[in-house]
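Here is the structure we will look at, set down as structure tokens.
Which chain is which? They are A, B and C, in the order written, and residues in each are numbered from 1.
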Amino acid sequence: MNGVWLVALPLLGAFVLPMIYRRHTIVGYWTGPVILIINLAIAMGLWQRVSADGTHSIAMGGFPAPVGITFYVDKLALLFAIMVILGTLILWLGKKMGEVREETLLLLIVAGGCGLALSGDLFNIYVFYEIVAVASYGLAASRGTGAGYAASIRFLILSALGSSMLLLGIALIYAMTGTLNLSHLAYLAPQMLNNSVGLVAFALMLIGLGVKAELFPVNTWVPEVYATAPARISALLGGIVSKLALLVVLRLLVLIYADTSAPLLLLSLGILGVITGELAALRSSDLRQVLAYSSIGQLGLVAIAFAIPGPAGIIAGIALALHHALVKPALFMLTEAWGGQLNRLVGAAQVSMLSTLLFIVLALSLVGIPPLPGFLAKFLLLKGALAVENGWYHTAIAVVLIATVIETAYFIRIMRLMFQSKTQQTADAPLMRDLKPALSLVVLLLISVLTVSPISQSLSAIAEEAADKEVYINKTLPSDWHHLEKVEW
Amino acid sequence: MNLREISSLVFIVWLGLLLGAVLKIVAYDNILTGGVGTYILTHAAPELGAENIVTSVLLAYRGLDTLGELTVLFVAITAAGLVLGQRRTDAPSDSDAGFILRTAANLLFPFLIILGTYILLQGHFSPGGVFQGGAILAAAFFVPILASPASPLHHRVSRLVEGLVVATFMIICLLALFSDDAFLALLLGKGSVSQLFSAYSLPLLHIVIGFQIGTAFAGILARLQETEASD
Amino acid sequence: MTESAGIIILSYCGAIGLILLGVFAMVMYRHLIRIIFGLMLLEAGVNLFLITIGYRANAVAPILVDGQIPAAAMVDPIPQAMVLTAIVIGVGVQALALALVVKTYQAYRTLDTQELAQKLAKETGVDIIEGTPVYLPSPLAAHKQILEEKST
């Protein structure tokens, strides 16, 4: 099977879903999950193929790079594609029947997300980014309340500003190099983009991608949207979609900006994100907001990891991203019943012991208590940052440690509330429908505890492969484009 | 002045300075001879046989972007439908625009259709193209709605056309996928330059995309117009 | 040659002017419709910037004449194709923005972002300090709120 199907299949499914729903509601309800399962199988098959034969690239329409658009299939891209597909599939569990438009938009987010992971062309990345963005504005407002609309329009305005900046950055890169293909750019970058204009272009693209990645100055939509959107949507946006934007940033850093000061820019935004996110989480008095701010902090950690040069940073970044993609959606699913002021949680342990236990396991993993995988992810980050001979990275270590203390503080505060005995107020018991995704995510988390050593081995293989710029160029760019001087055709 | 206004102004000044500095470098050095654009200028006609090189970039070299653009329109329509919700059947509609406008709109309809289709097809060899033609087609459908809001365009029909057009586009792509193992590959023969059915499957894609853009625009406008009426 | 360089500079200046005006309108105005107009200006500016990148001195449109490549230089076709795509994407985003504005107005009877933010804050408990899209998240306001809660 071809990697294109990862994008084409959900796209096709989204286009025909409304027509199927008009005929048979039940068939329509199962169309989405079936497409996602097939997609998952395709991604697994591709994974096998890539592990056996190495990476490959696909030329759209038979036009090879850099003239046509190419997809680059490597383990990193497949890992993130699987994360999107599996995450959406798990969040589909226990979904209400008959929400045609939500399901269409979910399938389109999967298509756009797989496209973002695979695409090897800057402008194509912009187009897929817009697909994901527009679908998420619609989903953010899907609760149908006035607050949802207001939060969504404010999200849209900030995000549209960011998208324009992204396009401006891409335009600058095209003006400097005359190409949009990542492999061609990787070939040309050391000569053509290792200057101030190249850095400006990176800063502009970082503003654009940072809106979805919840990076420091452009993350103000996060608490509003997560407080008003349905829990499933918050879980999808905060847990999964945000990582895809960071994946694009990582590709840019590895392929184009490896030897510049661009990683330091990402590092400083990451540090600021961790500090502001965790402090705000400590101060907020609403469970949804605590989780929203903590997700800003966690994504700041991923940004710090991706800013570490070489495979060490990529390993830590992937580990943190995957861990967060398991834990945060599960936590958000619990807020469907427990959202709102924190003191509504008083006595939650008596009402529903199962959900309380789930919350505790997830929170401990997020903080990084040793047997749980969150510890391994944070440990990898600290190890990677220590190895770099640069004061800024050592500052980052201090910030990460302080942030961990703050995280522990606010999660312990919440747990204490849960075990307080009931007064007049009682916490609601979460519905089984909402607990299903959380339970499956926790099962995945516990499986990963048991299989730590194979996971860390495959993570380092993925990172080695992703950090290899030469392979990307050789597999994608035909050799008659391997020249730096401008040629008259 | 509060913190937000100050930081916004700082951002604007930063952006202005950056772009000003970029201008100095880019503007004098923009004659790129080795870029991808130059390659396409010299190779598009022999490879594809299309006269309008922008069209061949849009539909062949960067066809996936165009598919993505159609998808964004589809997403926007779906999301707008989700946000605006269903129209109540007893909702009052805007008042009628009057005899003159109504008649003029009805008179304009066939001409706009012909003009839109002409520009759409003409885009294959000369200025014009899918986007411009599609926008005029959308206007053809929307002007009558503005003139008499009480009898809006039948939703079912427009949705059916929309769905059919997208499905056709996807089927063309899928056929191409199976014939050549590459998405959006070119299907038919090359033909000779400056005939309508030349340049592989480009004309087919051309027509399909033009109609898709037209119906999508009309769909978005109609949906917005309906909410206003129901308020 | 100098004349065409002048055109290019002028076009770049126009594009940068539009971009700055658009960003200014988006971050400084409080009325949602004005903010969306700012977005339109910004998108127009970015598109003009792209078109100008592809422009060459004394060049013609990239269309063959009688099947022959014209003798004069042709402008770069890729930015033009990118702009066509970007315009359609922009239209989709703006349509959705207007739909959301209609529903927001129906719910709150105001389009002022600061009033909206205050109403949102009352309803959801989100600590929004400033009423417009771009601001720095500040834990100070949340701290103030906690102090108030303790005192009451």
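Keep in mind that, in the parts below, a residue touches a chain if its C-beta (ideal position, glycine included) is under 8 Å from a C-beta of that chain, and two chains touch if they have at least 3 such contacts.
Keep in mind it's a predicted model, so treat the numbers as computed, not measured.
Chain contacts here are complete: no pair of chains fails to touch.
Centroid distances built from C-alpha atoms place A farthest away from subunit C.
We define each chain's centre as the mean of its Cα atoms; on that basis subunit A and subunit C are separated by 24 Å.
In this assembly, the C-alpha centroid of subunit B lies 19 Å from the C-alpha centroid of subunit C.
A straight line joining the Cα centres of subunit A and subunit B is 30 Å long.
In subunit C, the residues touching two or more other chains are 19, 23, 27, 53, 78-79, 82, 85, 89, 92-93, 96, 100, 103, 106, 134-136.
Residues of subunit A in contact with at least two other chains: 123, 127, 130, 134, 137-138, 141, 149, 152, 175, 180.
Multi-chain contact residues of subunit B (touching two or more other chains) are listed as 26, 30, 32, 35-38, 40, 42, 62, 65, 68-69, 72, 75-76, 79-80, 83.
The part of subunit B that touches subunit A in the complex is made up of residues 18, 21-22, 25-26, 30, 32-40, 42-43, 60-65, 67-69, 71-72, 74-76, 78-83, 85, 159, 163, 166-167, 170, 173-174, 176-177, 180-186. Those residues of subunit A lying in contact with subunit B across their complex are 2, 4, 8, 11-12, 14-16, 18-19, 58-63, 66-69, 101-102, 104-105, 108, 111-112, 115, 123-124, 127-128, 130-131, 134-135, 137-139, 141-142, 144, 149, 152, 172, 175-181, 184, 196-197, 200, 485-489.
Every residue of subunit C that touches subunit A in the complex is listed here, in rising order: 19, 22-23, 26-27, 32, 35-36, 39, 42-43, 46, 49-50, 53, 78-79, 82, 85-86, 89, 92-93, 96-97, 100-101, 103-104, 106-108, 113, 116-117, 119-120, 123-128, 133-137, 139, 142-143, 145-146, 149. Interface residues of subunit A, counted against subunit C in their complex, comprise 123, 127, 130, 133-134, 137-138, 141, 145-147, 149-154, 156-158, 160-161, 163-164, 167-168, 171, 174-175, 180, 217-221, 223-224, 227-228, 276, 279-280, 282-286, 289, 340-341.
The residues of subunit C lying in touch with subunit B in their complex are 5, 8-9, 12-13, 16, 19-20, 23-24, 27-28, 53-57, 61-64, 66-67, 69, 74, 76-82, 84-85, 87-89, 91-93, 95-96, 98-100, 102-103, 106, 129-130, 132, 134-136, 138.
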